[in-house]
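Below: the structure, in structure tokens.
Chain IDs A, B, C, D, E and F follow the sequence of writing; residue 1 opens each chain.
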Amino acid sequence: MDPAENEPTPMENKETDSYSMLEPRMKRVYAAFYKELYRTPERRALDPKVQELISVAVSLAVRCEGCLDGHLKKAIALGATREEISETLSISAAISAAAVVDLSDKAARRLGLRLFSTTEKQD
Amino acid sequence: MDPAENEPTPMENKETDSYSMLEPRMKRVYAAFYKELYRTPERRALDPKVQELISVAVSLAVRCEGCLDGHLKKAIALGATREEISETLSISAAISAAAVVDLSDKAARRLGLRLFSTTEKQD
Amino acid sequence: MDPAENEPTPMENKETDSYSMLEPRMKRVYAAFYKELYRTPERRALDPKVQELISVAVSLAVRCEGCLDGHLKKAIALGATREEISETLSISAAISAAAVVDLSDKAARRLGLRLFSTTEKQD
Amino acid sequence: MDPAENEPTPMENKETDSYSMLEPRMKRVYAAFYKELYRTPERRALDPKVQELISVAVSLAVRCEGCLDGHLKKAIALGATREEISETLSISAAISAAAVVDLSDKAARRLGLRLFSTTEKQD
Amino acid sequence: MDPAENEPTPMENKETDSYSMLEPRMKRVYAAFYKELYRTPERRALDPKVQELISVAVSLAVRCEGCLDGHLKKAIALGATREEISETLSISAAISAAAVVDLSDKAARRLGLRLFSTTEKQD
Amino acid sequence: MDPAENEPTPMENKETDSYSMLEPRMKRVYAAFYKELYRTPERRALDPKVQELISVAVSLAVRCEGCLDGHLKKAIALGATREEISETLSISAAISAAAVVDLSDKAARRLGLRLFSTTEKQD
């Protein structure tokens, strides 16, 4: 049995002072999105552990400490190994760096710059 | 056989004007990180398709169009279904929203604010 | 009378160790921008409370805890209701999520992908 | 009568190829959040124009071009003046800059640095 | 003579449709900040080329294409070599990745996780 | 002699619980990038102090507290003056604000909006 199915929604399992700035009506639609995404075993396409690893990677990228703690704990509870977590973290770091390189390539094209040839050898 | 194993590294399969602002010596260490992460079937912990889905989610979160196109194509080539891509995208959106809610909760704690009780009913 | 008019500029009302890395000449031009924006009742177009709610929404989106605390307190001092704060927070979260969805739509167009038809029914 | 009340939801008024990576079930919960937030005149606390200005400010801060275009057009349709848009944009820019200054102040406190006294005169 | 001294402010040298959403009064205070920062040879502490390289690095990190193009052109006009630009870009990418690793370390401390020992050998 | 040459790599000089979520094999490639970038006096193009100032500016922009503390300390150890740090911080703040203005200009062009003429006088 998938332990995630028995997990409370984000709304329920946080300390009691969570979502304290959200009106009940907004909490409801926010929770509905989360529930459809993470807690619908009958419709879900991704493995719960994979969902949690994706959540960890994005939490790191968008600097959400609360999200990171929660999804890291769930990923581990669902059996994520330390090597899987290391790769997840590494992908988040790699894409964050790649975003900078990608933007530099686009600027090079816009400006007609070609500082280094791709076949060039150096050193 | 895993199709990803036959894929070129990011360095090789991009159009010829990529990484044109990176010196060969920096390209080498950058490519080494990517190769260790994505192209080491003998050491890799995560399934290649899962790696690509995580990459798609982070590309969306950090606004990297070049990364997004590349990893989306690889994910699909590795068999990712449209439902898996939909969930990946939804997780990226959900955590991006949750980061805002999480920060508001921390502010509420710092300032001693409790605008809405978690048990309160409304409407 | 608008209480905001009697408020000190950001420069004055922070604890004494604020802006400690900014030279006086840079502080001056930085403070001038803030003063023109927030403290010119004779030229200002937006209601002070609305200015503070916009400031709260952006503080959440860019992860600025100091900004968030300051503008949240001012918004409340200017009469913002808890429902108005809840909507402000919800907009900040919604747009943060929408940014991810928008980027996925652009990628779909670039790559000629159409994973789900907009008229399709499912479930 | 408020023109916004007759506006379609984000789901309806976008070109037909929008949300093409979201499954119908995820679209539904995503649209429900948007509808509760922007299209509930009977429960909404903020003026529709103010909602759109907040949306514009956040769209700028999180780099969402599609969101920006949509909410800018709605803000103008709802009567936002050019001066109100200028202030909205200025707040988004100001808080983005303030986030950097705020982080430097926190670092100064952590490291016990006090590079410039707040009462110091210079030039 | 330093060519940067003869450069127009950002306000002057952009195509004529720039800053079209900023009121003259906000443009003035915005331009004053830029002028004090980039165009005060008598008070400036950093070399103009170094200022431009820092500007390029931050433009990449915050995804500002217009800023990137402008500051890249100025850096090159001020004599920045391709190796200096490569290092600037590499630093921007490296810190973007390091931010993810740093956040993971903080989470590990908060949660009492120690997945890998720093002295551990593997492979 | 350049003091930076005697500095440990990021891997060595952090408290012992750093990089605790990264596998040794990923740490190695990550450290190799850092070493090539910051610790190769024979190949490095930028002055070590300039490298550290660029690192400080990007750390502020991407909200990395650990990076900020480390690079700020190194910049000061390498002789960065308080005025140089003030300018570095000011550039990071200025570009963060400029990114918002740049995006508004692009939207104005896409939508054919021209709210304020660049030659217009006001007040």
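Note that contacts are C-beta pairs under 8 Å (C-beta built on N, C-alpha and C of every residue); 3 or more make two chains touch, one makes a residue touch a chain.
Bear in mind that the values here come from a model prediction, so they are computed numbers and not experimental data.
The minimum number of touch steps linking chain D to chain F comes to 1. Its interface matching that of B-D in over half of the contact pairs by residue number, B-E stands out among B-E, A-E or D-F. One finds 7 Å separating the Cα centroids of chain E and chain F. In whole angstrom, the spacing between the mean C-alpha positions of chain D and chain E is 24. For chain C, residues touching at least two other chains, in rising order: 21-23, 25-26, 30, 33, 37, 43, 61, 63, 65, 82-83, 85-87, 89-90, 92-94, 96-99, 101, 103-104, 106-107, 113, 115-116, 123.
Contact topology of the protein chains: fully connected, every pair of chains touching.
Chain contact summary for the complex, chain C toward chain F: residues 21-23, 26, 30, 43, 63. Taken in their complex, chain E has these residues touching chain F: 10, 16-25, 27, 30, 33-34, 37, 44-46, 50-51, 53-55, 57-59, 61-67, 71, 81, 83-84, 86-88, 90-92, 94-99, 101-109, 113-118, 120-123. Of all residues in chain A, those touching chain F in their complex are 63, 82-83, 85-87, 89-90, 93, 123. Residues 60-61, 63, 65, 68-69, 72-73, 82, 85-86, 89, 92-94, 96-101, 103-104, 106-107, 110-111, 113, 115-116 of chain F are the ones touching chain D in the complex. Within the complex, the chain E residues that touch chain C are 25-26, 28-30, 32-33, 36-37, 40, 43.
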